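Take a look at the structure below.
Chain nomenclature is as follows: A, B, C, D, E and F, assigned in order of appearance, with residue numbering initiated at 1 for each chain independently.
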Amino acid sequence: MRYLADVNEGDQIVDIYLCAEKQVLKTRAGKSYYSVRLQDKTGVGDGKIWDLNDGINSFGTGDYIKVDATVVSFQGSIQYNIKRVRVAQEGEYDPKDYIPATEYNVEEMYKEFVGYIEDMDDPWLKQLATNFFVEDKAFAKSFKAHTAAKTVHHAYMGGLLEHTLYMLRLCDFMTKQYPVLNKSILFSGCMFHDIGKLKELSEFPIIEYTDEGQLIGHIIIGIEWLSKKIDEIPKFPPTLANLLKHMIIAHHGELEYGSPKKPELIEAIALHYIDNMDAKMKTFTTLMNASSEQDDWLGYQRMFESNLRRTRY
Amino acid sequence: MRYLADVNEGDQIVDIYLCAEKQVLKTRAGKSYYSVRLQDKTGVGDGKIWDLNDGINSFGTGDYIKVDATVVSFQGSIQYNIKRVRVAQEGEYDPKDYIPATEYNVEEMYKEFVGYIEDMDDPWLKQLATNFFVEDKAFAKSFKAHTAAKTVHHAYMGGLLEHTLYMLRLCDFMTKQYPVLNKSILFSGCMFHDIGKLKELSEFPIIEYTDEGQLIGHIIIGIEWLSKKIDEIPKFPPTLANLLKHMIIAHHGELEYGSPKKPELIEAIALHYIDNMDAKMKTFTTLMNASSEQDDWLGYQRMFESNLRRTRY
Amino acid sequence: MRYLADVNEGDQIVDIYLCAEKQVLKTRAGKSYYSVRLQDKTGVGDGKIWDLNDGINSFGTGDYIKVDATVVSFQGSIQYNIKRVRVAQEGEYDPKDYIPATEYNVEEMYKEFVGYIEDMDDPWLKQLATNFFVEDKAFAKSFKAHTAAKTVHHAYMGGLLEHTLYMLRLCDFMTKQYPVLNKSILFSGCMFHDIGKLKELSEFPIIEYTDEGQLIGHIIIGIEWLSKKIDEIPKFPPTLANLLKHMIIAHHGELEYGSPKKPELIEAIALHYIDNMDAKMKTFTTLMNASSEQDDWLGYQRMFESNLRRTRY
Amino acid sequence: MRYLADVNEGDQIVDIYLCAEKQVLKTRAGKSYYSVRLQDKTGVGDGKIWDLNDGINSFGTGDYIKVDATVVSFQGSIQYNIKRVRVAQEGEYDPKDYIPATEYNVEEMYKEFVGYIEDMDDPWLKQLATNFFVEDKAFAKSFKAHTAAKTVHHAYMGGLLEHTLYMLRLCDFMTKQYPVLNKSILFSGCMFHDIGKLKELSEFPIIEYTDEGQLIGHIIIGIEWLSKKIDEIPKFPPTLANLLKHMIIAHHGELEYGSPKKPELIEAIALHYIDNMDAKMKTFTTLMNASSEQDDWLGYQRMFESNLRRTRY
Amino acid sequence: MRYLADVNEGDQIVDIYLCAEKQVLKTRAGKSYYSVRLQDKTGVGDGKIWDLNDGINSFGTGDYIKVDATVVSFQGSIQYNIKRVRVAQEGEYDPKDYIPATEYNVEEMYKEFVGYIEDMDDPWLKQLATNFFVEDKAFAKSFKAHTAAKTVHHAYMGGLLEHTLYMLRLCDFMTKQYPVLNKSILFSGCMFHDIGKLKELSEFPIIEYTDEGQLIGHIIIGIEWLSKKIDEIPKFPPTLANLLKHMIIAHHGELEYGSPKKPELIEAIALHYIDNMDAKMKTFTTLMNASSEQDDWLGYQRMFESNLRRTRY
Amino acid sequence: MRYLADVNEGDQIVDIYLCAEKQVLKTRAGKSYYSVRLQDKTGVGDGKIWDLNDGINSFGTGDYIKVDATVVSFQGSIQYNIKRVRVAQEGEYDPKDYIPATEYNVEEMYKEFVGYIEDMDDPWLKQLATNFFVEDKAFAKSFKAHTAAKTVHHAYMGGLLEHTLYMLRLCDFMTKQYPVLNKSILFSGCMFHDIGKLKELSEFPIIEYTDEGQLIGHIIIGIEWLSKKIDEIPKFPPTLANLLKHMIIAHHGELEYGSPKKPELIEAIALHYIDNMDAKMKTFTTLMNASSEQDDWLGYQRMFESNLRRTRY
């Protein structure tokens, strides 16, 4: 297929894209037209349907649509003037072409992840993690497919699993270097720390904050979820439940980053740093990949509050 | 009874006090002694039992104890040298003498409170509030007896009810002055905003942060509670649940004050100000009552970051 | 008349608008032209007079001008190409069409306001308020007509009166709920808190910060004004004057918001919250009215540092 | 006389000191006694009158009192056990012995100060400064005698004049180095910047914040004063008045330091730095003089947020 | 020559400009073109070479180039369509026309600067300053030519010398007014405070942050430089070296402005204020010169966090 | 020997302690006495020599002294009344008894450390590290013996080596998990990050900030040191030197923590987190060890801005 990243002014395209957004607007002259956001895994494009004639079949946000369009330039940006459009049928396209995905094998990552569950010593926490990640098939499927963020880092299919797994490896190293750390608390805190994102962010192909995500946020969502599953395990020790919940609550590290409690446990402090460290490594790498290979300096990056540089000499 | 506030150096006392804390310590010479915190509704006192003889019967933190003591002065403070002690029996004392309480009639306040439940328009929220405050007798009893804080404002029996009621009256005024406010959301947000304190702070006579309170905090505790009660009401609208939870989550107003979300709803903004306003009015009044009547200036008060003054001329 | 909000590209208009700004500029080719900001109560428009011919009569900022113009689109915005223009004469237009105004009846609001003066107990403060708001006719007229802000909230004719009145109602409720509050201090502090705005912001139809407003600010302007009026009342108690001045000085609540003193009186604390609360309720309502009725979310609002949402489900 | 700084434990003293504070207190045993703060220019002392017998004549705060006392040590501090006391009569003591004073000649400083008034070019500002500092004899006398602060820097008689004069010399240098500065605005801004302190702080011998000082503060007090004097000069240009007032208002440099406006004029920026610089030089010097001559390091000083060091090697 | 500031749309120009930047880009249609930034001392211009024909000779960033161009307007900005271009030869142009420079005589400033070296009392510091500014000819030449900043203040040839000299005059005044200041420490701290800028910023005609400047910064660069020169002077007292280094390290005054230590010496505090004061005076003056003479207000200036105003009435 | 931690009131001791500080003071009565701080590896003690008789031989700060003392209690603290004292001779005591030390074997740690040098790929950085840590015997000896801090974490002999080694292990894990990291830069940045502490803090047995440490700080001291050693390696690539220096400069992560540059390299970001993480793990562990084993809660800890809790249930 012809990826959006490769399209130039003047091209004629007839191909299938994901309709990531559809709006009905009016020109100043009062005439209705459609504005659509086209998406594939290489990026997005701005489409306009000025003339709502017979060739424009019914479609909506989230549909895969086959478009017949002319590529023009408007105020310095590419615009797709769509003359014909119809909803594509399953089989005509491969969804993988439309959504970015982790570069690693999801099943292998999942297997490694489950190994860390088995490695935990505490029977209650092991049971709880098993209930979520192994026995609840719907949850496990969703967990394996979700993104870790709307943008910035691990913002792709499988990103949440990849991020959590990389953190688990760090947790594993940490428990070996600092035996004072409680492995089961640290591992399970890590596994559950971002599960609220499954509801905070809508699923692929179109990632948006949900109403619940905006109003409640992934920390609270995760706590509610955890709380109910814990209630289903008879005699789960209440203090252990509180310790685990604290791990989730405190993982942003500071009240001003949305954690209602600062870390109070040594494992909560470790988890906060591990989360931050993996996120920063990934974000920096993403920024490097997105910038011109020939430049040493990547420019000022608000997330790091610094001008970043490739390490080479 | 002889209140602690009225005791002077040189007195001999034989009376019943609450043992708010008991520690077993050693003198530098290696001899064991007990250090106990005596409490009644007028204050606390520092007791020492130097000689663990036959007159010293077994007792513990939380017991009402009858003490036979000499009042001495040590480094400028009053100290009770206890020679005899035994646990008092029910009937020998009136618990009301040992815990500070609201100056208002609890049942009258509760009746007014229930009136606000009846005044709500939304059937789901009315049902939810009824389930908590009317039908769950244990909850209602606890809610009527609890404090609103460990110290600072409304730190007495019935304080939580009094604080919530004063806020409700303000909510009522607000919905009349600003019809854009949704009365049911604002009222129920107000009613539930601090229910987590029932578990965050231990009950009278001795108020301390619980383990759960320290690890999780009253906002999250309240959300978990609410979440489970909502699940018990079939077909409770999920968006309504999210709006109500947001009211609780955001009532501290700022992330750095422990709210994981800033207020996003007009009722959440109103609730935050109403909570703050009642707390500040009460705190200022408490400070005035605690200071010498003849001084205009109350001195620098950290909570207000200001030097406060009585308004008179 | 044809309101600016209803004009479309391609229209021909011949109507009267307020000239809110007139600049003489040059094209890159060195030719002079006029750029004018047209205003009516529905908004503003960007007018250009490219050809300074006979039809272009003399006019200036603040004039009501009759324009003959073609409506074109330039870089995505509406522009008025004015071919003829002359100053309109009184009677040709109704000033009310050109300035936004409170939706309430000004005289009724004023009457209610005066009622609060009469309700005060302290004779000195009652006298002072009467001198300002009742006996000083010019002041009263200006106070009734002024805006409460350049933008954001109550930014319309009568806005200052409306804002102050809504605050007074809250003050009234507060003094009833918290008898510790001194009614006369709170009411008069409220009445005078923003009078400096009469000089800080120029009058309608064109609101701009005055030179004095920029250099001195409405808090200091208000204090100077108050100070001189107080001097005219023989034997006004100096401590009372200081308490009242403190109410004005401290009403922004924090040094970083321009109050040279933090609130030190309980009434000053109450006034700060009341001011904030009314301003926030009004601002939120204005934002809701300005946004598309069909959207739940209003987007991130810098003034609230939050993404706001309508309350509905 | 015997200065307080030279008194040792065990001494018997019969001498005159200023009574800087007198409190009537009770021992725990319920017996009344007096606690008095004795003061001379070398420091303060803690006096107790345990026995209110015939030798204890009537006296009050602010009196110069002749005391007959034994010097004892209590909890590591010197205490004066006073057996006899009476109010001293004028002539028995020299007030200069009781208040710290500038090391410079006040009249010479004043003369130099007046020279800067004469050096101003603007007739209005020159007139205004003359009215205050030359023709208003009471004001001039007070200005020459006052302190610049309660503690920290220039906290002695003549301190305000000395501080202002040192700043004027810097202003003079600045106007020569940077001709863009308006000399009359800068000089007069400097002269008036702290006049509000004459009312914010009570006069020697006992410096305390006044009620007015606490409620209103020296910036606002100064503005009110200036405002009224300006009104007495017919046709004083209003814009000039606003510029001068801005100089006073903005001299703390930042809103959080109590200036309701940030500096907007180049002279206001200069004045802020000049004020700061003289204050910091004096404070540092005072700290050096107060510390042990043999130590290089003066320890952490909160005012500088730094550990300070003498410059020597 | 024809300065860029004087060029209008429609002009034909054939003149020499500095090529401050050259990029090879592609149109959307895939055709290569050059984008060049032209510079002279009056400003910069945006040049395009669309047609890479025979008239386009080889050139690069930093070359003085003779261009034959048509001046057009593109999206409201001037653009130079270059048809012919060649590298100019020395003699064809005067470099002074291409770089902004101090308005003062560099040699006279340098002479005055050297006078301050001679005025120092400490032999070691005098020796060190002489080694740098007098005997190291290459250093002295560079110091006299350099800018004090990339933008904002003294951003022109000779700017560093001018800035340092103005500061020295202030230092000189300060040591006379406050004899507690150590003249040699203050003077030498001043002279060396910004020498790291010689390596932090590239030289004229094109000022950019160097790699070293970005990674290390002028404070550390200056320290390294100083450290090595000090090592070359046998027996230079180590404590004196530390004091001087502290002057450089602390001159930004606050950790958050990049000083790794807060000022600990009275001279370090003075230097920080003097640096700030000269920078602020110059910046304000530059802003006034750059704005329209007829406006009182210069608009909000981020560097001063304030809306600035000319002082006139 | 009798450790200070085991001494009780009333004991008679005759043993050798380190004199960590000696002051000559005067009683209020004017009599000279000595105040000495005794130290061993279990803590410190407050000694007084009231009577400077024949038994009091000459000694000074840093000496090991044999004291003959009575243990008394003064204001609730233990005090040593010393009657006889003399300087002990080498052989009479084992220095290890007087200074806290790492629990690990220093030589084993050093060997592992050197292994990381050998593991680096970059020849220049490997050479530089070898020059410092292997070939410069005096440096290596000092590095192995030094503390990592005055208090808080790793504040014992060998602490700097232990801290750096634990960090290296984390660096090693990181380079394996994130291949984008440059191993040589990260390892060498880690090895050198705190070498300035060798001069910032005086050596055992008595750790104090040195004059140089206070004025310059360990970051700058380390840079100067590194800079000179780099100059001794011919043709060391200047860009590589800048990258390495940046690693040291930026390791505190934020300007307000004393880093003059924020991290700009991915390795600098990693190093900052790794440093923080090891320090936090160690500090938390130290706090746990220092608190009562039976308490879950360790109380509010300023360094963590949180109330900490042991992880157990």
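The rule is simple: contacts are C-beta pairs under 8 Å (C-beta built on N, C-alpha and C of every residue); 3 or more make two chains touch, one makes a residue touch a chain.
Every value quoted in this text rests on a predicted model; they were computed, and no experiment measured them.
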Minimal step count in the chain contact network, subunit A to subunit D: 2
To the nearest 5 degrees, please report the angle of the rotation taking subunit C's Cα atoms onto subunit F. 180
Selected pair, greater C-beta contact count between A-E and D-E: D-E
Subunit F and subunit A are one sequence twice: same or different residues at the contact, by the over-half rule? same
Gap in Å, rounded to a whole number, between the CA centres of subunit D and subunit B: 45
Where in subunit F do residues touch two or more other chains at once? 211, 214-215, 239, 243, 264, 307, 309
Between which chains does touch occur? A-B, A-C, A-E, A-F, B-C, B-D, B-F, C-D, C-E, D-E, D-F, E-F
Taking the complex as given, what residues does subunit A use to touch subunit F? 166, 169-170, 173-174, 177-178, 180-182, 185, 237, 239-240, 243, 262-267, 269-270, 273, 276-277, 280-281, 284-285, 288, 304-309, 311, 313
So in the complex, the part of subunit D that touches subunit C is made up of which residues? 211-212, 214-217, 219-220, 223-224, 227-228, 231, 238-239, 242-243, 245-246, 249, 255-261, 264
In their shared complex, subunit B is touched by residues of subunit D numbered 28-30, 211, 214-215
In the complex, subunit F residues that touch subunit B: 8-10, 73, 78, 296-297, 307, 309
